[in-house]
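Just so it is clear, A, B, C and D label the chains in written order, and each chain counts residues from 1 on its own.
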């Protein structure tokens, strides 16, 4: 396996910080790979880079220090454990050289307000921003001697792009960059750099990222694998697992109310109705793909500062069964958003790296289970999405590793 | 399609009563088929008897009147709706001729205490009990001019059989019947009659039913389709849908606490620890088949009279994710047990009838999704069980019915 | 005890309908007084009119029939029971003569949209509207030969009055009426009629009602007892009971999230942000009066049509204890709003009738426990509010009724 | 204020450890007094010893080290915070000199199994055990130069005493001690030492403690204040707050199901049905004192190891309102048992110290709000119990402290 680097857009955020702490803690034997889909059969059968060997870099709109980001997260949130952070603090400090200030172009005022630095767009054209991002990524690749870099967007949600059709072709997108079209969203500029450099790309947010037509075309033409949008980590995951149960039993859902509260930066940014729009849409659509169209389907996302990173959801499902009998199911989910998301971000790096090595290109729809709004995928049944992934593994894994000789952690079998 | 009769063991209980009210109400256009798996694509593609055309009869340990049973259920439970009961009261009265007092042999004291009648075992040998059951079923078949009878056990849970290996062969079972072995459980005597008469059999309870080795052999030799055990209607259904989500995401469940409260006869009988034993076991095993072995897995079932038929469950799932982060999911389920179970009992009748007509015999493992403890099946992942059923339908359904010309209810597509 | 009539503003709504069905059902022995505070010790010690003897009339903005209103409610909602409605249908039909079309002045577009009739304001000045209301109430009083009428506002929530200070004195209010000030809200016109006629008044809604300064002055000067605002029936009741527990134990609430979903007309009207404003405020203020100021306190009210009258709330309380330990409490409340509110409306009638007979006048602050935003009361601790009521009873009840000879229902002791 | 010492029975358990960490952390300014009732108005008006000044000692059945106990608790439980433990580790080490191995006489096999030391009863008569306990407490008092020692029992629950009437008088109790009656429970031997030495005593457990008639007599005769039983910390607290709400509104509770799960030593000991008996009884009785007798009232306590000290409860309340309408309330409570209990133990020390200084003696019933089964108290309404405490403070507090000059923490006003 070649040397692989991870480029995190939003490198000082909770998900990125957790991913880095986790990878380093696994490398040092401080924790195991629980929570990583790629560390468990059958996915672990693929020939992927070891989590322990990944190098990290990225962009953010804040300056700071990765070890301090981790300490703050541990302090406010109780996750990761402070002793784990200290065990890997030196490793994290090494990452700092590769974390640069990036762009918040069209990320909305709420995101911009988080910045404590001079953003790239302040004195640059769009083309210059792109070049600067490209330089940063390339310096990382060269400094670390990497064969391959995978970019993952774990930044805050942007407002939806108003005219996505303006960027429907590669030519249109590239003309917009050259013509200093300042309606282009930051996430797509990053994705453009990744894909045009041949780096696999995953979009863990509902932002535009690589979903614009021009970037999809670019990925196909350049033979680069990519996938998005919006990591499926908590309430949405449960919806995707439970929805098919109601459908399969011919129970008629009348109302599915979902109320999410969270207190991290993500929650703060989603206070802004514009940024929230994309998020709500990708959460709501999951059920529409599974259940009949005509039910009451509401998703609320509210900001509750005291919860920090602990995303809590209450879902109330009012359904009708035999003889018009009305029944109810409720659930609450209390999860650390970063602890749920970070291992999936690492999974995507490992899976895209493997795909890239095997010459796959374009949308990786077999990764649908990782996303709330998987690009080009209408199927939202979690079990079917898992089956796609497992079938993909069956097709692409090499010989079965004999039991007991795997190099992975004990959760691996 | 030929004329099909349903023989309900436990014919005065809530599930049986609900099934009869529902079938008659569908026939009269008072309700639709919501809640019936067989009324929804893809299962509805099979050539099955119409629910509206089914004839009903059965055994119980109580005397009474089916319309009165239905009125009592509506009054105590709010389900079915009183106006629906009245709309079909005459139809229900017609069933009364075919509901006979049966046996509670080895059903435990709690069950016996429910009886208000002279049970068959009071002055008969086991062989005589069997003959009487056989006569009752046969009179029904002849009186209604039926081509086929499907027996479904919806009676209360029996205590586990102490020495099931004593009945491991057909010969051993039949010798026991002839030898007046009074350790034989009622459920297996009913199953014996069904299978030896060539009638398909489904066991919706955790009782022994057709699961004894001797009866399985009989079913194979006589070419009769059958399946069990224990209908999967509420909390267990949710477990089977949610468990694979945790497994698929490599989230380590540390504890899964399930607390069920219910107030119907089933709940009352389960107050008896002996009767509860089988139930707890079939509920608990679902997760063991999905998650790793070493977690804390408790199921409580308590009797709460005021709830009547409304089975309420609270499940608390304590799990660990990335970086040893502890997280929680809780759900509560409030379902009318009878409204959930009755349509599945009708589904099984329709599916077994179709199987019988096509010459299937022995265990019908593709029906695993209907059962908590499907015989000979280790797979408890609900989605995979659904897939088996759908694949079976694909293999055995005739030509696709053109859209819009189905004779079923509107929920059918 | 003299003959007492109840004048319901919003007489075709769910609360009014339930109150009338309940009173008539109690009179006919079809149900008992469960849910009525005044039917239970110690409040039942006061000399109040029997529920069974109350006469009913009122205004609404819809035409219709009280028995039909009741049947529709039973059908959609399962409450009251259909057989109870039928048992009192004739009694309800007698009320129809005294239910008139009233006014929706400044009730907002959402309320107006519910009307199917020509409202009083369509061709009348404010003074003429008032006269018409006065005539309707007076005809009722005379027709039924009543000694006393108590008016209760159970109509939908109005938007807050923009300039309440314009009506701070009796003179200002009356000048506004005479000057055809069309900013006056319907609820206050009704309250004006009641108070100026000497009829006690209770405002079960967050609308202005009798809370304007001019109307309070009028009540004092005319010696009429009145109280409001906004009946405390569900989630708010629980908050008022639980909040003091956290305070008394010095547990620091960091966040209290309340999410209400409901599907009745009230919910539909509250979809309108303007109508919702007053409701949210009175719900939120309860905790502010009990806990320290600086916590996150959000109340959401959403419209979920399938729930009809079943108001469901999820509250999530995030609090801190010793050694900065973060802990959580959650509750869900599933109540029939009308079944909770209607008995309290009847309680208020009985209590205000008793107060009026004993010559009380002005705000009845000892009734604070009935209201979310009790006028002139800062104390929101439910237990203290109950104590005020019980102390009031102690002061004003006659001799203790000897045990066993009460004329009330069995729940009365 | 004189120098006050705290003698903890169960000194190595979670509650004792948390109390000591908390007191020391408050002394060092590492945390505040959140969670302490005595640190909040109005109770803080009493002249009580500062938490910061308390000295600690105690008995346990395990050997060990207090700082290590604290580290283990922090590690397993996340509470207290590891950095807090380290900040006070030296202070905790100083306590070790005063923690001695005690007795587990009649504590049941589950408790004995926890011991890793030679218990006092192994080679001593009961009288000798008592003398040894007396010596240990007295050495502490002299070594620390204390004016006053308050003993608090925070050990595991004992099985109920079989023949409490055998110890109904002081003489009977003392004869039993002298006669080596080995049926005497450990908790009462400790209480005997405390009371006979003139040390106030609080029993935070459901064990017998000072509740035996003979010990009550002793306390009265010797003029020593004492109180118990069983600290009211979580689910029971909520019941005591919510129960009166249902009663006050004349809502008829039909069923109140309470299901507690916990994973600490307390939970482990309660796996033993004998030890559980007393606990269940004191939890269940709370509602019986508030609601009518004839409802279904079940309390379950189950051991769920992964939860450690996090006591989680689900309560389901099925109640009936107006027009026989069935409604439901559910709550879940997730609290760190030790973080809830420890500040109350410190409160009791401060309050009993103040009472002792003012010459109070016998049962301190105004402390009822602290206990699930307050001795000699039938009132379980939490608000009324709070009122008793506040009234007591009003009677016994000195001059009002002028605002702003209190020496207490900021939560104090």
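The rule is simple: a contact is a pair of C-beta atoms (placed from the backbone, for glycine too) under 8 Å apart; a residue touches a chain by one contact, two chains touch by 3 or more.
Computed from a predicted structure; not experimentally measured.
S.K.: Work out which chains are contact partners of both chain A and chain D.
M.R.: Both chain A and chain D are touched by B, C, going by the contact rule given at the top.
S.K.: Repeat of A-C among A-D, A-B or B-D, where over half of the residue-numbered contact pairs coincide, is which pair?
M.R.: Interface equivalent to A-C, from the options A-D, A-B or B-D: B-D.
S.K.: Looking only at C-beta pairs in contact, point me to the busier pair out of B-C and C-D.
M.R.: C-D
S.K.: Averaged over CA atoms, how far is the centre of chain C from the centre of chain D? Could you give it in whole Å?
M.R.: 44
S.K.: Indicate the whole-number Å distance between the mean C-alpha point of chain B and the mean C-alpha point of chain C.
M.R.: So the centre of chain B lies 48 Å away from the centre of chain C.
S.K.: Could you list the positions in chain C whose residues touch two or more of the other chains?
M.R.: Residues 328, 330, 332, 334 of chain C touch two or more partner chains.
S.K.: Tell me, which parts of chain C touch chain A in their complex?
M.R.: Residue positions touching the partner: 254-255, 257, 259, 261, 296, 298, 300, 302, 304-307, 312, 314, 316, 318, 326, 328, 330, 332, 334.
S.K.: Spell out the residues on chain D that touch chain A in their complex, using ranges where they run on.
M.R.: 78, 82-83, 332
S.K.: Once bound in the complex, which stretches of chain B touch chain A?
M.R.: Chain B residues touching chain A: 18, 21-22, 25, 31, 33-37, 39-40, 79-81, 84, 237-238, 241-242, 244-245, 248-252, 320-325, 327-336, 339-340, 342-343, 369, 381-384, 386-387, 411.
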